[in-house]
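Chain IDs A, B, C, D and E follow the sequence of writing; residue 1 opens each chain.
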Amino acid sequence: MIDWLLDPFAAPFMQRALLAAALAGVNCAVIGVYIVQRRMSFFGGALSHTVLPGMVFAFLRGLDIFWGALGAALATAFGVSWLARRREVGEDAAIGVVLSGMFALGVLMMSQVNSFRDFNALLFGSVLGVAPADLILTAIVTVIVLIAVGLINKELELASVDPEYARVIGARPDRMRTVLLVLTALSVVTAVRVVGALMATALLITPAAAALIWARSVGIAMLLASGIAAFSVIAGLIISYQFDFSSGASIVLASTACFAGSWLARAWRG
Amino acid sequence: ASNGIAADWVRQVGGNQVQVASFADSGADPHHFEPSPRQINELAKADLIVAFGEGLEPWLNEAIVASGTSARKLILTDGLDLLEPGEAFWVDRPLLYPDAANKPPCCKEDALVANEIWTSMIPQMPKSANDGHGHDHDHGYDPHVWLDPQMAVLMILSINNALNELDPIHAAYFDKRREKYLDEIITLDEWAEARLGEIPTRRRLLINYHDNLRYFGRRYGFFTPTSILGSVSTESPDPSARDFNRLLKLISRFGVPAVFVDSTANPRLAEQVVREAGLPTPFVLYTGNVTAADGRAPDYLSLMRGNVETIVTALR
Amino acid sequence: MKTLRYHATCGGHHAHESPALVFQNVALGYPGADSSVLSGLNLTLDRGRSIALLGDNGSGKSTLLKSIAGLLRLRQGKISVLGHAVGQCHHQVAYLPQHRDIDWDFPISVQRFVLTGLYIHLGWFRRPGRVQRKAAAEILDRLTLTSLAERRINELSGGQQQRLLLARTLLHGADLLLLDEPFNAVDAENRALVRGVLRGLKAEGKTLVTATHELDFGEDFFDARFRLTDGSLTEEGAP
Amino acid sequence: MIDWLLDPFAAPFMQRALLAAALAGVNCAVIGVYIVQRRMSFFGGALSHTVLPGMVFAFLRGLDIFWGALGAALATAFGVSWLARRREVGEDAAIGVVLSGMFALGVLMMSQVNSFRDFNALLFGSVLGVAPADLILTAIVTVIVLIAVGLINKELELASVDPEYARVIGARPDRMRTVLLVLTALSVVTAVRVVGALMATALLITPAAAALIWARSVGIAMLLASGIAAFSVIAGLIISYQFDFSSGASIVLASTACFAGSWLARAWRG
Amino acid sequence: MKTLRYHATCGGHHAHESPALVFQNVALGYPGADSSVLSGLNLTLDRGRSIALLGDNGSGKSTLLKSIAGLLRLRQGKISVLGHAVGQCHHQVAYLPQHRDIDWDFPISVQRFVLTGLYIHLGWFRRPGRVQRKAAAEILDRLTLTSLAERRINELSGGQQQRLLLARTLLHGADLLLLDEPFNAVDAENRALVRGVLRGLKAEGKTLVTATHELDFGEDFFDARFRLTDGSLTEEGAP
C-alpha cells in the first residue's frame, strides 16, 4: 500500500511535477478564496481560457509558454476591467465576449499549425513537461503571491467586505481589485503547466469553494483551501499514475471530490 | 494520394500522364491530419485515390463520404505481409545474419559474433511495445510499410496496375517508367543494407517518436522495442507518466545511445525524454511524409537515404 | 515600524480654529445623471456642534453626507472639512453610511470587522496589535456586543449589524462624525444605548452631522435642524 | 469576388454545415439575449464545457453525440440550480465547481481512449461532421426553441424584468428560469457540432451582447442578434474555407468582430 | 381564443359579501430566520375602506403587505382575501412593492412595461391586443407619463419609475390595492396627482391598504390607521 502510494514519485520528473502542482495548487487556493468570496469565479474561469492565444503564440515562437500565458492573462485582466467599466455591457457579458474571442484566437492560431496534438499538453496539462526551470518559475511566483497576500491581506479583506469604507479611508479598493486580478493571473499561469489551461479554473475555484463552506475567517479558509489543493494534487497524481488517467483531470476530480465531501458534511449538519 | 510519399510514387510511375494531388502534403503528419473543406471539394473530381490504409488515414473515409466522390480507391497495403502493431518480429528472426556461414572470410567472424549478440538480446526485448493498451480499432496492422524498400517495390507494382487499368492507352509508358524507378529502389536497398551494417549489434535499437520503424527494423535488423508515444499512430495521446517512466528505464537498461523524432512531429516529448535520460538531442528522421522541394527529403529516395545516414550517425 | 498612511496627513498644521464644516455654493449629483440632486448649498458648522439633517426620502440627505465623506465628486463649489479639503483628513472624519455595500457573507468575525475601524491609523502593511485589540474590545463592550465578538458578521440581526457599524465608526476616533440614520433597524432597548453613546460623543466635543427622520434623540440633542427640500438646504426652527 | 464568396458552398457538405451553423447561431442568439440580459453568461459558458462528458460517453457508446450532449447539458442545468438553491455556496462558485468537475470528467474519459482526433471535432467543431440527420435534429431544435420563445416570450420577459411581479400574478418566474435553462441547453447542443463544445459559449453570448448594446426591446435584440449570428456564420465559413482556418474559431472571431464594431460605434456615439 | 389563466379563478362564486381582508392569528417571518417578524395579527377589513399601516423602519409593514400579495408563506394562522385563500384571486389584488427586484436595465419600453399589468388577465400564450394597448395608454395619460411612453425604463427618474409602477398597479384593475409607500421618491408636484388618483380609486369603492410614513394623504383619506410595533398591530386614533 505504502509502495503503491510512493511508487509514482520515484522518478525525478514526477517529483518535479508534484512539487510544481502543489505550489500552483496552494497559490490558486489562496487567491481563490478571494475570487470565490467576491463572486469573481467567472473571471477566474475565463482567465484560464484566455491564456490560450498567449501560450500558442509563445509556443510557435519557441518562447517559454509561461511568458505567453502571463501576457495573455494580464491582457484579459485589464481588458475585462476596462470593457466592464465603460458600462455599455455588463461585466459578465464582457467576460464572456473576451473569453470567447481570445479562446477562438488561440484555436485559430493552433489550426494554422499542422496538428492539434502538440497543444494537448497546453490544453489538458502534462506532468511530463515540468522542467527544472519551470519549477523555479513556479516557486518564484508562489513566493510573490504569498508575500503579496501577506502584506496586503488586511486591505484585500477590507476591500472585499466593505469596499465603500475602504474607499472612505483611502485604502483604494479599485487598486486592490487590480492587484487581485494580477495575482490571479500569476496563479493561473503557474497552474497551466500541470493541469492545463482548460482546467486551471478548477484549482482556483474548487478548493476555495470547499474551504469557504466551513471557514470562519479568510486566514482559515486559505489554510483549508491550500490543504485541500495539496491533497488533491498528491491524490490526483497517484491515481493518474496508477490508473493511467489524465493527470490534470485526476487532480481536478480529486478536488471536486473534496468539495463534494465538504458540501455533504455541511448539508448533513444542516 | 493520401500523402507525399504515395504521391511521389504515382508521379514516378504516371509521369506527365497523371495529375497528382496529395492530401497530407509535404511536411504534414499523415496520421494526424484534417483535410480542409477545399481539398474535399477537389476530391470530388478525382479518378483514383491512393492510400496506404490500415488506419494510417483515419480521416479519409469521412472525406470520401463528405465529397461524394466516385473515384476508385487503391489501398497499397492490400496483400502485403503486414506486422501487427507492436509485433515482436525478431522472434521470427533468430539471427542477424542468417547467411553468416556463407560470408567471405573477412567478415565471417564478425557476422557470427553479431549473430550471437543478437540472439542473446532477443529474450530481453519486450514482447510487444504497447503491451495491452494502445490497440485502436482503426489499426488492424501497422501501416508504415513504405520504410521497407522491398515492400515499396510491391506497392509501386500495384500502382502501375491501377494506372494501366484506368488508362490502358498509356500502359506501356507506365510500365517503362515503373521499371526504371524500381531499379533505383533496389540500388537504394542494397546500399542501405551495406551502410547500416556498420552499426554494432548492441546498438541496434531504434526508439523513435512513434512506432513506425518496425518494417525498417525487420528489413535491416534493428530492434524496435518501443517508441516515445508507444503507439503506431500519432493520434494517440501523450504517454502516461507510468509509460514515460517505463521508457526511461528501458533506455537505461539497454544503454540506448540516441532517440529519434519524426520530422512531422513536435520535438517537445522527445526533448523531455533526452532531458530526463541524459541523451544527446533527438535525431530527426523523415518518415511519414516528404518535405517541400527545397527540404531535406523532397522525394522517397532522398528520404530513405537521409534516414539511413542519420541512423548510422546516431548509433555508430 | 513607520506608518505608511493610506492618505496624506492633514498637511502638518492642524487648524484647530477653523470650523468643522464649510460649504460654499456646493452642487452635488451622481455621475450619469444630468441634473444635480442638491445645489447652491451654503453652510458653516462650528466644532462641537451637532445638527440634524431632515428631509423626505430621496431629498438628498445621504448624498450630502457622502460628499463630506469624499465618496462623491462635487459638481460645483467647495467643501472644507476641519479646515482642509475633502479627503485630506480622513482619520478625523468618520462616516456611518445608510446604504451598505457590505458583503455580509464574507467570512470575518465581529471582532475583526470592528478592527477595520483602526486601519486608517495603521496604514499599509502594519497589522493590528495588542493596543488595537484592546480598543476594539472596549467599544464592543460599550455597545453590548462583547458576547457576539466571535460570531461571523452574517450571524447578527439587522439591529446588531447597525450597532456593529456604529462601533466601527466610533473606533475611528474622529472629530467629525457623519451618521446616516444611525437608529435604522435598532430596536427600542438599544436605542437608549446608542443615544447615550452619542450624547457621550457630544460631551467630548465631537461634531455630529446626523441624517434622520426620527426625533428619538430627545428634545435638546441637536443644536440645529436643517431640512432638505427641492435640492436646497434651509434651517428649521431656532437652535 | 462573388465566386470567391460562393465557391465554398458548392459542395453539399458545406451547404449542410452552413445551414446547421446558421440555425444553431439563430437559436443561440435568441436565447442568448435572455442569458446576457439576466447576467447568466457564466452559466451559458459553463454549459458549453459540461456537455463534454456526455458527448464523450455517447461517442464511446456509439450513440449520437447529440443525445449525450443534451443529457449532460440538462444535468448541468438542474445540478447548478439545485446546488445554488441550497445556499451553502454562491451560484457562481457552484457553477465553477460543476463546470470544472464535469469538464475534468470528460477529459478523463477522453484520456481512456486512444485516438483524440475525434475529440478535436468535439472540442473545436468540424464542418465535415454535419450529417443530414444532424441537420434535421438542429432544425427540429430550432423550431422548438423559436416556438417556445414565441409562446412564452411575454412571460420570459416579465420574469426577467420583474420576477417579483411575475410571482405575484402567478406567472412562475422560477419555472420560467428552468424553461430558459432547458432552452439554453438545447441551443448550445445544436451549436456544438459545428463550432465545438468549447466555443459554443461564444455563439450564445457574443451576438446577444453585441445586439443588446443597441436594442431597445427584446424582440429587436433577438432580430439583431440573429442577424449578427447568421452573418458571422457565413463570413466565418467563407474565411475558414478560403484561408484554411478552423471553422469554429473563424465563426467566433467573426462574431467578436461584430461585437467590437457594435461596441466601438456605441462608444463613439457616447 | 380561450384564456389559459396563470392562476385558478376565484373558485366560481364571487363572495361579494365577504370582507376584503381577514387576518386570523397570523404570524409572519422570513425563511432562514428563527423568530417571526410579526405574530398574533388579527384584523378584519371591509370592502371599500382604506387604511394606513404605520410603523418604524423594520417594523414589518412591507412584510405584512407581502403576505397578502402571496409572496411570503404564513408561519401560522389564516389570511382570507376577498373571501378566498391567498393566491386564489390574484386578478382582484394589486400590489405596489417597496423593495424592487426590477432589472431596470432590461430593454423594455415604458409602454410595454405598463402592459405587463394586464398579463394577469391575458394568461398564458395570449398577446396584448388593441384593447389592452388602449387601456395602457389611458393609464399613462392619467399619470402624465404619455410623453415618456417610448423611453426605456432605465431612462426614467426615480419619481417617474415610481409612477410607472403605480400605473401598472392601477392597470391591474383590482378590487384590493396594496400600496407600499406609494409616495416614495415622488416629488411634490406629482404627489398631488397621485393623491388624486388614489382618491379616485377610493371613490370607485376599491379597498386600499397603504404602508406609509407620510401623512401627505390629507386628513380624511384613511378610514383607519394601524401601527406596527414590536411585531403586533394596534389601531391608532378613532376611525
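By our rule, a contact is a pair of C-beta atoms (placed from the backbone, for glycine too) under 8 Å apart; a residue touches a chain by one contact, two chains touch by 3 or more.
Owing to the predicted nature of the structure, the values given are computational and were not obtained by experimental measurement.
Chemist: Chain by chain, through touching neighbours only, how many steps does the shortest route from chain B to chain C take?
Modeler: Shortest path length, in steps: 2.
Chemist: Under the document's definition of touching, what chains do chain B and chain D have as common neighbours?
Modeler: A
Chemist: If every step must land on a chain the current one touches, say how few steps get you from chain A to chain B.
Modeler: Minimal hop count between chain A and chain B: 1.
Chemist: When all chain pairs are ranked by how many C-beta pairs they have in contact, which pair ranks first?
Modeler: A-D
Chemist: Sort the other chains by how far their Cα centres are from that of chain C and give me the top one.
Modeler: The most remote chain is B.
Chemist: State the chain with the largest centre-to-centre distance from chain E, centres being mean CA positions.
Modeler: Between chain E and the rest, the longest centre separation is with B.
Chemist: Take the average of all CA coordinates in chain A, do the same for chain D, and state the distance between these two points in whole angstrom.
Modeler: The computed centroid separation for chain A versus chain D comes out at 26 Å.
Chemist: Roughly how many whole angstrom separate the Cα centroids of chain C and chain E?
Modeler: Taking the mean C-alpha position of each chain, the two centres sit 36 Å apart.
Chemist: Would you kindly tell me how far, in whole Å, the mean C-alpha position of chain C lies from that of chain A?
Modeler: Each chain's C-alpha centroid was found; their separation is 40 Å.
Chemist: Calculate how many whole Å lie between the centre of chain B and the centre of chain E, each centre taken as the average of the chain's C-alpha atoms.
Modeler: Their C-alpha centroids are separated by 82 Å.
Chemist: Among the residues of chain E, which ones contact at least 2 other chains?
Modeler: In chain E, 105 touch at least two other chains.
Chemist: So which bits of chain A are touching at least two other chains?
Modeler: Within chain A, the residues that touch at least two other chains are 90, 116-117, 120, 212, 244-246.
Chemist: Residues of chain B that contact two or more other chains, please.
Modeler: Each of 32, 133, 235, 237 in chain B touches at least two other chains.
Chemist: Tell me, which parts of chain D touch chain A in their complex?
Modeler: Touching chain A: residues 36, 39-42, 44-46, 49, 83, 86, 88-90, 92-97, 99-101, 103-105, 107-108, 110-112, 116, 120, 123-124, 198-199, 201-202, 204-206, 208-209, 212-213, 244-246, 248-250, 252-253, 255-256, 259, 263, 266-267 of chain D.
Chemist: Contact residues on chain D for chain B in the complex?
Modeler: Interface residues on chain D, with respect to chain B: 8, 10-14, 17, 110-111, 114-117, 120, 126-129, 240-242, 244, 247.
Chemist: Using the touch definition from the top, list the residues of chain D that touch chain E in their complex.
Modeler: Residues of chain D touching chain E: 37-38, 151-152, 154-155, 157-158, 160-165, 167-172, 212, 215-218, 220-221.
Chemist: In the complex, go through chain B and note every residue touching chain A.
Modeler: Going by the criterion above, the answer is residues 27-29, 32-33, 133, 234-235, 237-245, 248, 264, 266, 268-269, 272, 275-276.
Chemist: Residue numbers of chain B touching chain D in their complex, please.
Modeler: Chain B reaches chain D through residues 32, 34-38, 40-41, 44, 58-59, 62-63, 66-68, 133-136, 138, 231, 233, 235-237.
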